[in-house]
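To start, I am sharing the structure in question, which I have written as structure tokens.
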Amino acid sequence: MSKVLDAKVLAVYQVAPETYYMELEAPEIARLAVPGQFVHVRCSDAQDPLLRRPLSIHMVSRPKGVLALLFRVIGQGTELLAKRQPGDTVNLLGPLGKGFTLPLPGSRVAVVAGGIGAAPLVFLVQELANMKCQITVYLGAKDKKSILCDGQFTQMDAEVVIATDDGSMGFKGNVIDLMERHMDWRKTAMTYVCGPKPMMQRVAALLAAADVPGEVSLEEHMGCGVGACLSCAVKIAHHGQITNKRACADGPVFPSWQVVWD
Amino acid sequence: MKPNLQVEIGTMLMANPVTTASGTFGFGPEYTPYLDIERLGAITVKGTTLEPREGNPTPRLVETPSGILNSIGLQNPGVDYLIEHYAPYFRQLKTNVIVNIAGNTVEEYANLAAKLNSVPGIAALEVNISCPNVKKGGLAFGSDPVSAAEVTKAVRQATTLPVIIKLSPNVTDIAAIASAVEEAGADALSVINTLLGMAIDIRKRKPVLGNIMGGLSGPAVKPVAVRAVWQVYQRVKIPIIGMGGIMNAADALEFILAGATAVAVGTASFINPRAAIEVLEGIERYLVENNIDDIKELVGAAHG
Amino acid sequence: MKPNLQVEIGTMLMANPVTTASGTFGFGPEYTPYLDIERLGAITVKGTTLEPREGNPTPRLVETPSGILNSIGLQNPGVDYLIEHYAPYFRQLKTNVIVNIAGNTVEEYANLAAKLNSVPGIAALEVNISCPNVKKGGLAFGSDPVSAAEVTKAVRQATTLPVIIKLSPNVTDIAAIASAVEEAGADALSVINTLLGMAIDIRKRKPVLGNIMGGLSGPAVKPVAVRAVWQVYQRVKIPIIGMGGIMNAADALEFILAGATAVAVGTASFINPRAAIEVLEGIERYLVENNIDDIKELVGAAHG
Amino acid sequence: MSKVLDAKVLAVYQVAPETYYMELEAPEIARLAVPGQFVHVRCSDAQDPLLRRPLSIHMVSRPKGVLALLFRVIGQGTELLAKRQPGDTVNLLGPLGKGFTLPLPGSRVAVVAGGIGAAPLVFLVQELANMKCQITVYLGAKDKKSILCDGQFTQMDAEVVIATDDGSMGFKGNVIDLMERHMDWRKTAMTYVCGPKPMMQRVAALLAAADVPGEVSLEEHMGCGVGACLSCAVKIAHHGQITNKRACADGPVFPSWQVVWD
């Protein structure tokens, strides 16, 4: 079940270049949400920009009824969103989509995050930590300044290994290179991936080659967000058949080996 | 006193003049978490074809100033699937379900109409004639009066359901098409389908949409849609379902005053899932505030 | 190295591809406090008719989502006044002046063209064929290929100036009109004029505009305009001046990639009086950043 | 000469129901402005609402480089404007239009304001007071709460007579009724009028009947604001000929006897 409601902004601040953290009062959504789901956010009251913007649920505090977003300013919508002040309201539609498949409690899992892809994975690691999983997070970004959520992951007792393109923090290179060295992820029950498409495609290939199950969170341009408009089609192979699935309603999380990358 | 909101589209009785626009409301259940769809006068469901269709390559949607371009490409599970899986659901609904159909040839339209004719749960057919006529080099059926009338006749003969012809705005003289399909036996008209448009990605130097061109909808097109309803109203006697950029009751009232007997809410549902119900409530409020007993008094009232 | 921005519209050389859209920039002096109009490739001035015209009743303008509807009704002091009072000013300008003309009959267009032919200071004629053909029951010249070609031929014969035919988007097949006017001797095309639209005042229950209908322009129409340029480019060889909702350089580049050799900035000037110059500067920046030596490399580049 | 520039908001507050006062840092415009002129204000950075909004110059302080607006929230544009905070910028185009014709110094003048029509008249009275004119202000509004600028007028030594529709302040009735009792305006060098169109039309008739010169400030929907688009046509009779004038460039102030009311 999902809701549409005005949520009060509790806090908003910049956490990295062009990246904002926002806390919203939305108890109904916080209560229902599972990791990997998203909210469809109205960034303007006017008719331009018109559409909502899909943003992952970054964290929730059910006792406090709080939902957090972590987003990068890309264009008009996210720019307007970043300007909201505490006390303002933001209209949310959610929680939407199908989240990550959780493993058995105590499992060993890997989490792979590229750039802003870290956003939904914090909520996931919250849950995994509650389930006493053994978690390794492979965290990549352009440079040290752009590394997101490393502190949060560490606090939740996840092992965090970092890669930056320029080597300003952790391993110098990208997350794929990093994974190719650290082979621990081969022994996991599940690898969860979120990041830029080319990176997810390469991680999916890595997982497939090692025959390790994984899940990726896909991004497609969305209209409705609720499965009605078929804008967000992604090609999914299942039992030898390729069909269109809706990123918003059938995903955004899909098994890494089923995605037909183009 | 509660004003009378009831309207008739052919033999289909609507408890109120608000429906949804095909392709923007799925098959209904997608929006049930947000509104009581049975309060609407009707729901109009996704375009259906004879065979299942995969639709167009992605991206299928791009935002434009106050509008969106879409090129879904009629992805749908086909009419047989609709009859088997959705019709039983439609039947239980305490509102009308309008099924939107699309074909490549006149025969396909006729077949679709015949197949859907005796299916319980379906209140009316809306015929999308903005599709390319495969036998005529891909020109849309809706782009000339003759082929528009042909489709209308074929559907008319194949069904006893009310036939609503959905007009394309991408024509020189929409009233001429309206008049031709009225003559050919249409019970009502939907005005308008999307405007043909496109967007270019200046970084990639390529069209944004996988299908190059797409259909423009949303508030941006409202002035064109109101004008089309106005022109069509002056030419035909059959009722019009007005649509194109309706975001709220004020927008819907523009269409009614221009000559629409009913209105459809499309793109607005993406922005506000409760848009259709809010349009209905707002129309009712307007009638009460202005002491109007019957919505029909407003239909075309701006023509003076 | 500075990229080459020079383009040719018929025999008219433009130092860069940016001009203004007729009717949105007055006769030039209105905007001189805000930008150096001589830096533009050309300025296109208000539509001119044989006799002075009073224009339409007010309101003549209404805002719509991301757009405006206007029904100025070609208010202008007439061609003789233009020749006497404005041409001497045009002559002093270090840029091209394109004079936009409009008529009620083919003869009027020919007369206008003849009168303007030998006037110093005028670089080209832009022919607005969206006007009603008085002899054909008010159907716009631009709405069918035959009458569009007739106007083109008449103007062509009456002048040695470059003839730019300005196409109406309110047609079923804009490429067919484009092709007909190319054949009839047009040197270039302006694509597009405004979309026919209207708005209704729900309090007064009457059309907002004094003239009932008006022309829709601004960002709302951009997707339709880009599509029109794309379609026309595929059909004709003569250069296209693209316009319709250009607000900034990114928008202008969409038109160029779709096939426009030059672009016109219209409604945008109302919102930002410096829009035309900023479009020019932005195009130049894009070329530099992308190491493109010559704007011509981009024209139609999205067709792949 | 007129400018287009970003002006910093110095202050903004509500002064009456739906009525806001805004102070902007705009020295170039303050320096050039004369009473009766207006600025064309960009209320949104997005493309909806698209057009600028014309607002009269309410007051200027040339030494401080400050320009003030007084505006009523009517629709989308003014609503967005009222939400601006000190420190934000507002894009202004101005000063635009032709202002009021000033009388000889020391003249006796009348000023007639209906509702928000008071906005430009404060700037005018500033100038008239500097010119040592003898000023009577006829000030009308719906009720006491909606009476605008009475304090400002009094401070500038103008005589202020008030009419409210409900009699909650001053005379009970409208400004026309008030003027019909107070006949002092008949002896003035000039009567300046700004308010709703029907009120201006009736005042113009009153002035014409008494053969007293007056000026009215007209409102028309505007596109460019600079005289280029001809949206804002008003019918003006001059030497027996009726012609279209542009409210933005030839006005907004016109001789009261020349306006063709419809």
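Think of it as A, B, C and D in the order they're written, each chain with its own count starting at 1.
Basically, a contact is a pair of C-beta atoms (placed from the backbone, for glycine too) under 8 Å apart; a residue touches a chain by one contact, two chains touch by 3 or more.
Note that the structure is predicted; figures quoted are calculated from it, not measured.
What chains touch chain C and also chain D?
A, B
Relative to chain C, which chain's C-alpha centre is the most remote?
Farthest by centroid: A.
Would you mind pulling out the distance in Å between where the CA atoms of chain B average out and where those of chain C do?
Roughly 34 Å separates the two chain centres.
Find the geometric centre of each of chain A and chain D from their Cα atoms only, then give the gap between the two centres in Å, rounded to an integer.
A distance of 54 Å separates the two centres.
Taking the mean of the C-alpha atoms as each chain's centre, how many Å separate chain A from chain B?
For chain A versus chain B, the centre distance works out to 36 Å.
Using CA atom averages as chain centres, what separation in Å is found between chain B and chain D?
47
Residue numbers in chain D touching 2 or more other chains?
47-49 - these are the residues of chain D that touch more than one other chain.
Please set out, as single numbers or ranges, the residues of chain B touching at least two other chains.
65-67, 218-219
Quick one: label the inter-chain contact graph as line, ring, star, complete or other.
If you draw each chain as a dot and join those that touch, every dot ends up joined to every other.
Given the complex with chain C, which residues does chain D contribute to the contact?
These residues of chain D touch chain C: 1-4, 42, 47-52, 93, 220-234, 244, 249.
Note which residues of chain D are touching chain A in the complex, please.
44, 46-49, 76, 80
Could you please specify the touching residues of chain B with respect to chain D in the complex?
For chain B paired with chain D, touching residues are 65-66, 219.
Sort out for me which residues of chain D touch chain B in the complex.
47-48
Any idea which chain C residues touch chain B in the complex?
On the chain C side, the touching residues are 64-67, 69, 143-144, 170-173, 195-200, 202, 205-207, 212-214, 216, 218-224, 226-227, 230, 245, 250, 253-254, 257-258, 286, 298, 301-302, 304.
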